[in-house]
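To start, the structure under review is shown below, and the notes come after it.
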Amino acid sequence: MADAALSSPANRAAPAKARVQNVQAPLWRNGLFVLPFLVVFVALLVVPLVWGIWLSLHKADAFSSGRFVGFANYVRLYNDKIFWQAIGNTFYFVLLTVPALAVIGLMLALALNSRTRTAAVLRTVFFASSVLSVTIVTLIWRIVFVPGFGLLATVYGWFGAAPPAFLSDPDLVMIAIAIATIWWCIGLPMMLFLSALQQIPGDIYEAAALDNANRWRTFRYITLPSIKRTFVLVVVIQIVLQFQLFGQAKLMTNGGPNNVSKPMVLYIYEAAFTKWDLGLGAAASEVLFVLILIAAMVQFLVSRRKGESA
Amino acid sequence: MTAPAAPTPASDVGRGAPSGMVGRTTGDRIILGLTIALAIVMMAPLLWVVALSLKDNKELMVSMNAVFHAPYTVQNYINILATSSVFRWILNSLVVAGGLTVGTLVLSSLAGYGFARLNFPFRNVLFVIVLMGLAVPEQAVLIARHQLFSWLKLHNTYPGLILPGLSAPFGVFLMTQYFRAIPKELDEAALLDNASRFKIFWKVLLPLTLPAQATLGIFTFLGAWNDYLWPLISGTKKEMYTLTVGIASTQTNFAQSEGLGFLMSQAVFAGAPILILYLFFQKYIVTAVSGAAVR
Amino acid sequence: MTAQIEITEVTKRYGALTVLENLSLSIKANEFMVFLGPSGCGKSTLLRMIAGLESVDEGTIAINGRRIDTLPPGQRDLAMVFQSYALYPHMSVADNMAFGLKNIGVPADVIATRLSEAARMLEIGHLMERKPGQLSGGQRQRVAIGRAIVKEPKAFLFDEPLSNLDAALRVRTRVELAQLRHRVKSTMIFVTHDQIEAMTLADRVVVMNNRRIEQIGTPMDIYTRPATRFVATFVGSPTMNFLKAKMDSRDGFATLTLPDGATLQTAMRSDGLAPGAYELGIRAEAVRPARAGETVTTSGTVEVLERLGDRTLLYIRLSDGSMIVAEDAGLSRAAIGDRMELTLDGSRVHLFDGEGRAFHAVEAAHG
Amino acid sequence: ATELTFQRFFGACDADFGSNTDVSKAVGECGIITSMVNKFNADNPDIHVAVTTVEWPGYDQLTAQFAAGDPPDIVTIHHSALSDYQTKGLLLPLDEVLAANGIKPADFTDASRNGVTKDGKIYGLPIDNWTMLFHINMDLFKQAGLVDASGKPILPKSVDELLAQAKQFKEKTGKPYLIQNLANETALYTRNLYTYLFQQNSDFFADPTKVKINTPEAKKVVEMYKAIFDQGDTTKDLDYAASINAFLAGEGGVHLNGTWMIGDYNASAEKPGTALNKGGYAVYPYPQLFSGKHAQYADGHSLAVSQKDRSEEQTAAIGKFLKFMADHDFDWSRTGHLPAMKAVLDSAEFKALPHRDTVAPIAELGTSLPGAVQRQFAIQDIIGQEMSAAITGQKEVDASLADMESRINELLANL
Amino acid sequence: MTAQIEITEVTKRYGALTVLENLSLSIKANEFMVFLGPSGCGKSTLLRMIAGLESVDEGTIAINGRRIDTLPPGQRDLAMVFQSYALYPHMSVADNMAFGLKNIGVPADVIATRLSEAARMLEIGHLMERKPGQLSGGQRQRVAIGRAIVKEPKAFLFDEPLSNLDAALRVRTRVELAQLRHRVKSTMIFVTHDQIEAMTLADRVVVMNNRRIEQIGTPMDIYTRPATRFVATFVGSPTMNFLKAKMDSRDGFATLTLPDGATLQTAMRSDGLAPGAYELGIRAEAVRPARAGETVTTSGTVEVLERLGDRTLLYIRLSDGSMIVAEDAGLSRAAIGDRMELTLDGSRVHLFDGEGRAFHAVEAAHG
C-alpha cells in the first residue's frame, strides 16, 4: 500500500514529464498576468453589478439595507410614465445625435483627409472640444443658448430677430442638447473615419481617376464601400455612448421642461439621490444595462463578422 | 490597429489622399472654404467664453454686449488663484488622474499581454466576460459601488477616487489588440533566446507598446481629469475635491449672474490645462484614436 | 486605336529634389516600351506623369500630336495596371471591369460584350462574380489587365505589374503577357526594375538612372552593346565581370593585358581606341573553364559554386585577388577549392574608358 | 484645537473675503458667512471650523456622505429638507446643546421655530427665513399708471385685477408685467402654487404622506398663471440668471424672486444710469389674491448637526459655534433674508435696513409645508414639471394636476 | 559544437487538419539541409517543431541521441533566423545579439568577444549601435544571422530568410550565405520554396509536398533524377517539359513515340520498363533548334520568345497542340511565328508512369 502510494505520483509524473512540450499549452501560471486586473474588475465592476441586481429586488434607501420585494421595482418602472418617457427621450436623443455624428464626422474626415497644414489645424479644431469636461461644455452651451444675452441671441440680435427658445421650448430642448453633444463629440467619429480613410490604398483612387469617375461616383463607389465597416463601428460606438446621456441633460435643462429632456441615466440618478429610492434606481440601471448590452452585442457580432471576412 | 510602428506624426494623416493628381481644384477649394466656415462656428462658443471670462462682472451684469469692447481684465483669473484651495484641488486631480493612469497602464499591459499571448485555463471565457464589461455603463454600478466603498471606508481617500476607474476594461481591450498586432516571431525569437515569459513581456514587448501606452495614458488621464459624477459623491470633503468638483462648488447660490465673467473664467481655467495637454500630445491622441478602433 | 507618345524636355521636382530632368522620349504607336532602372530612378514618376497622376513641372507630353499633360487623368484615354493592382476590393470582378465604362456612360450591352470578350481572352470568365479578395495573386493580376483592356485605351501603362507575384507565377505571367501583347494591338509602357522582364517583353527598353535616360534600344542592343558601364552592370544576371586591363593594338585589333599578366586577343577593332588603361567587361557566359587543348587566358580558385541545374556558376578568385564568375555546364564537376583554368571569349568583350564610354567587340545586333 | 467640519452652500468667495474677520464689512450671502466663520475661528483659538463648500443645494453629496458614514459635523439644510434626514435618525436633536448655550426656542420667530421642529424636537439652528417677493421696477409702474398718490405701487387684490393690471401694464409700457424664470426651473412654479393654495385655505398636505392637490383651488391657480402666460404678460424663455439680467435691464415690471435679491437690486437702484435708478426699486410680499388666510410660502436655512460619536469638547465646540451664529443673526439678515431671531426682527437696526419695512410682514405671512412632509425637493420637481407643462400648454390643466398628484403620492408611498 | 538531428515518425495536427504525417528524417552533423516545397506543405511547421515553437503530436526528435522534443525552446541550444528576422526593434544591434547570451548569464567579456567576432565575420561592425529600423533589408538579415551565430548553437534553423529581400540582394546574400556556411561549422537547416536557393545552397535537399517527403538527395540528384513527377515539376526553371509518349524497347534502350508521331531514341535502359504509355519529361536545355544536318525530332511554331541575354527560351507549339520550351543561344535569330525544327537529347529524358514513378536516362550523379 505504502509503496504504491509513494510510487504512484512518480509514475504519474513520468508521462507528464515526457508529455510533449507545447509553448501554447494552457498553464495556470500564465494567468498571473491577467490576475491583477481581474481582481479589480471583479471587485469593482462585477460585484457592484451583481449587487446592483440584488439591490433592484429590494426596497432600499441609502441608509438601510432594505427589504426584499421581488420584482416590485420593475413593476413600478413598468407603470411609471416618466420612466417610459425617459426611455423614449433616450432613443430620441440617440436618433438625433448618432446619424448626425456619423454623417458630419464622415464629411469632416473627407474634407480634412489631406496632408496640408490647414487640414492639420482644422483637425485640431474639430477634435479640441472633445477633451473638455461635460461641466464646461454645458456651461458654454448654456451661455450660447441663454435667451436675451446668449451668443445665439446676440447673433440673432444683429439681424433684429429673436432666437428660438432652445432651453424651454419642449420641442427644441432635446435638439439643443443634441447640438451641444454633437459639438462636443464630433472629434471621435471624425478621427475614426480619418483613420479608415487612410487605410484605403491611394492607388484605388488613382485607378478611379483613370476610370473617369467624378467626385460623387468616387465617393459613392470607392470611399463609401471601403469604410462601410468603420461606419457601422462608429454608429454602434456612438449608440452605446449616447445611450449614457447624463451630464448634458442634468446641467443644461435638468430634464425639463416637464421631463421631455430627461434621459434614463438622469432618471436613475434622481431615483437614487433625490428620491433616495435605491432599489428603483438599481432596477432602472439594470434596464439601461440590458439595453446597452444589446447594442454592444451588435457591435461584437459586427466585429466578429468583420474578423471572419478579413 | 496597425502594426506597432513608431507613432505617425499628425502631419502624416492625409496619406490616403491623392496628391499630385492633375485637375480638381475648384471643388477642393469650395470644400475647404465650407470646412473653415464650420470650424469658425465650432470655435465661436469657445472664443465667446474666453472673451466673457476677461470681462468685469459688474459690466457684464449691465449688458452682455460689453464683451465686444474694452476694457478687458484678468481679475477673474486672479480671483480664482486667490481661492487658496484651488491648488489643492489641482493637486488632487493630478494625484487621481496620475494614479489612475499609472494603475491602468500597469494592469492593462499585464492583462493585455496575458490575453493576447498566453494560454491559460478559461482564457477565452474570461476575455469575453471582460469584453462584456465594456457594455456596463458607469452609472449602472454607481449605487452599488458607492455602498461598497462606504463599507470599505474608502470615500474621501485617494484610493477611493482612483480604484473605480481601474476596473474599466477598455484599456485591457486596447492593449490586447495592440499586443496581438506585434509579430509573434518576436516572442519566439526571445523564447529561443531563453527568456522567461515575464522577461519577454518586460524587455521585448512592452517597449514596443509605447505608442499604445501613450494613447491609453492620455485617454485615461483626460477621462479622470474631467470626471464629475464619482468625485462628486465620493470625494465629498473640500480637501478631497478634484478640480471639477471644486470649481463647481464655488458657484454661488442663486447669484450666478453676478459672476458670469468669473464663472466663465472658471470654465476656461478648468478646460485650459487639458486643452494645452491635448495640443501637446496631439499626435499621439490622433494615432491613438485611429489605432484604437479601426480593425 | 493606338497612340504615339511624345515626351518633350520634361522635368519633375518634389520640393528641392529633382526627380527627372529635361527628359525627352518618343514612343512609337503599338510599341512595347519598357522603362528599366534601379529603384528610385524615377520610372514610376514618369509613368504617372503620362497617366496624369503626377503633374508635370516643365515640358510637355503629347499623344498623337495633342498635348495632354494638362488634362485630368480620366480624359487621357489611357489605362494603367498598378503594381498592387488597385482593384476595387468591394466590387466583383465584373464590376471592377465595368466601372470605368459606366462612368463614361457606355451602353450596358456594349459593356457586356467587351467584358465577355476580355474574360475569354484572359480566361477569367469563371471569376466574374468573385471579389478581388477571393482571387489568387495571378488571378488578380489578370483582372487588373482585363480592367485595362475593356477600356480599349490608346495606351496601356504597367507599373511593375509582376513584382507582387511569386517567382514561379511571375515567369508564367510574363509569358502570358508576351502572348497578350500580340493579341491586343496597342501602345504599351511597362515599368520594371527587373532586367529579365525588360529583356523578354520589350520592343525597346529605356534604361534610366539617376534622373536621366542612359540608353534606349532593343533588348539585345542593351545586352550586347551597353552604352555605359551602368547599363552593362544593370542588365544581365549574373552581373558582368569587370577587370582592370591595359589595351594595346595588334593587327588592328585590341589586345588586353589583365592584372595577373595574362593577355587576351579580342575581336574588337582598335581603330578609334587610344592605347592605355581600360576596364574590361565580360559576361559570365563568355568565361568558361578551359577544355583540354584550349588556350588558357587566366586561372584561379573556385570559391563559390552555384548549381542552377542547367548550368553552374563558378565564382573564381584570380591570383590578383579579383573575383570572376564563369559559366560551366549543369553537371560541372568543379568543386570548391579547385584550381581552374579559364578561357575568355575575345569576341564578346566590352571596354569602358574613364569617362564611362563603352566599346564593344560585337557589331550592332539585329532587330 | 478641536476640529469641526462645516459644510455649506452659498458659494465660495475666498478671493474677496478669505481673510476678512470684520463681519460688518462683508456683503452677500457668501461674503457674510465666510467672514462669520473667520471671526469665530479668530475668536476661538481652541476651536477650528473647517469649511467645505458644496454646489447648491448639495443634498446629493450630503446623502452620499451620510451613506458613507462620514458626514460633516455641521451642515446647512433647508427647513423643508430637514425631515428627510431627521426621519432616518441622521441628525442630532439640538435641544440640549442649545439650552446649554443659552439659546431658547422661544427666541426664534414662529416660522423659524416651526421650520426646525420635528416630532417636538429641534433639529437645526434656524438662521433665517426666506420667501419669494414682488421686486418692482417703479419707473415702469409709473409709466403704466400703477402708482398711487403716495408713490406706492398699486398691487392687485384679486385674480381679475392682476390680469387687468398686467394688460394695462403691457399696453402702456410695451413690456411684460411679470419677469419669471420659467426655463429650466421648477422651484418658482411650486412656490407660486403653494402660496396661492395657502391663500385659499387649501390643506393639500393634511396627511403628510399623501397629497391632495388635484383640486379646484389648484386649478384656479394654474389657470391664472396660464392666462398670464397666454396673454404674454410674462417673460417666457428666461432661465434664472437671465431673469435677473432682464429685471436689471428694465425688461419688465415685477420680478418674482427671493429675499436674497434685495441687497443686489437695492445697490443697482442706487447706481446712477441703471434701469432701477430711473424710477426706483420697491419690494413687496406676494399680493393677496384670494379670500383665505393671508399667507405665502416660506422656507428657511438652518444649521443641522449630524448624528455621530463625539467627544465632550467637540459637542461643546459645536454648541459654541451655534451660539455664535445665533448671536450674529443680524449680520446674516443683511443678506435680505428675514432673521430667525425675534429680537433681531424687532430691532431698530434691522428695521433700518432698506425695504425691510415693506417685507417685514412676511414674518407673519410666511408659511411652510407641514414639517412631516418628506422629500420636499423631489416633490417640488414634480409640481414644477407638471405646472410648467400645463402653463406652457403642453398638457391639459386637469391632466397635469392628476399626474402631479399621482406622482407625488407614488413617491411618498415608496419612502 | 554541432548536431546530428534525428526526426522519428513525427506527426503534427492542427485540429482535424493533419499537416505532417509519420515523417522521419535524419540530418547529419555539419550538414546543410534544405527543406524545399510549395507553400503550405509543412516546411515551417517541421522547422518550428525542431525549434520547440510547435508541439510534436506523435513521434520524437533527438539531437545527438538525446531526445529534445520535451524541452522548452530556450533549452534546445538551437538558433533560428526568421523570415521577418524578428529583430527586437527597440534594441540596438549589439543588444539584439547579446540578449540571448545575457539571458543565460554569459560573462560580459565573453559576450563582447563573441559579438566583435561575429560583427567582423558579417561586416556589421559599424552598425552595432543602430536600431533595426535604421538598417536596410540586407543588413537586417545579417544582424539576424549574427544574433544566431553568437549563441554558438548546435544547429541553425533558417525559415525563408531570403524571401524578404529584393531580387538583386537575394542573389548576393545567397552567395554570402554559401561562403558563411564554410566558415561556421555547424548543422544548418534551411526552409525555402525557391528551388534555386535549394539547389545552390544545400548539401542535401528534402523535397516536401502534401504532408510527406517526396525525395531526399543532393541538388544534382533531385535535378537530374527527380524521384517523382512532383519533384520534376517543382525543381528547375523553366519547368520541365512534359509530353505524352508511347514507349517501346529497341536494343535494350527505350524508344519513344510522341503524339505527333515523331520518335525519339533514348539512352534509357528499357530493362525494368513495361512498354506502353508514359509521360516523357525533358528539360528545356535538352531541347534545341536542330542545326543543319542534325537529326530532327519534332517541329513546331515559335509562339513566345524570351531573351534572357545569355540564352533564349523558345516557347514552341507542336503540331498536336502541346507546348514545349526549347533553349537557344543568347543571340538566337528565331522570331515569333518562325517554324522551328527541334532536337531532343535522348540522353537526358525522364519517364513517369501512371503511378508517378520515375525512370531516368542519366545514372545517379556524383556528389
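Note that the chains are named A, B, C, D and E in the order they appear, and that numbering of residues resets to 1 at the start of each chain.
Operating definition for what follows: contacts are C-beta pairs under 8 Å (C-beta built on N, C-alpha and C of every residue); 3 or more make two chains touch, one makes a residue touch a chain.
A quick note: this is a predicted structure, and the numbers were derived from the prediction, not measured.
A.B. asks: Count how many hops through touching chains it takes, at the least, to reach chain C starting from chain A.
C.D. replies: 1
A.B. asks: Which chains end up grouped together through touches if chain A is skipped?
C.D. replies: No chain A: one piece.
A.B. asks: Taking each chain's centre as the mean of its C-alpha atoms, give the chain farthest from chain E.
C.D. replies: So the chain farthest away from chain E turns out to be D.
A.B. asks: With chain centres defined as C-alpha means, what is the inter-centre distance between chain A and chain B in Å?
C.D. replies: Once rounded, the distance between the two centres reads 15 Å.
A.B. asks: Go ahead and note the Å separation of the Cα centroids belonging to chain D and chain E.
C.D. replies: Chain centroid spacing, chain D to chain E, equals 94 Å.
A.B. asks: What whole-number Å value describes the gap between the mean CA coordinates of chain B and chain C?
C.D. replies: Taking the average C-alpha coordinate of chain B and of chain C, the gap between them is 55 Å.
A.B. asks: Quick check: how many Å separate the C-alpha centres of chain C and chain E?
C.D. replies: Distance between chain centres: 27 Å.
A.B. asks: In chain B, which residues are in touch with two or more of the other chains?
C.D. replies: 18, 21, 24, 63-64, 147, 191, 233, 248, 260, in rising order.
A.B. asks: In chain C, what residues contact two or more other chains?
C.D. replies: Correct list: 48, 52-53, 72-73.
A.B. asks: Any chance you could list the residues of chain D touching two or more other chains?
C.D. replies: In chain D, the residues touching two or more other chains are 60, 64, 67, 241-242, 245.
A.B. asks: For the complex, give me every residue of chain B touching chain E.
C.D. replies: 6, 183, 185-186, 188-195, 199, 203-204, 207-208
A.B. asks: Which stretch or stretches of chain B touch chain D in the complex?
C.D. replies: 61-64, 78-80, 82-85, 146-147, 149-150, 153, 155-156, 232-234, 236-238, 245, 248-258, 260
A.B. asks: Can you name the residues of chain C that touch chain E in the complex?
C.D. replies: For this pair, the touching residues of chain C are 39, 166-168, 171, 174-175, 178-179, 182, 194, 196, 199-200, 219-220, 223-224, 235-238, 283-285, 303-311, 315, 327, 330-331, 333, 336, 365-366.
A.B. asks: State the interface residues of chain A toward chain D in the complex, per the touch definition above.
C.D. replies: Residue list for chain A touching chain D: 59, 61-64, 76, 80-82, 142, 146-149, 165, 167-170, 252-260, 270, 273-277, 280.
A.B. asks: Give every residue of chain D touching chain B within the complex, in rising order.
C.D. replies: These residues of chain D touch chain B: 5, 9-16, 18, 28-30, 50-57, 60-61, 64-65, 67-70, 240-242, 244-245, 248-249, 258, 260, 264, 274.
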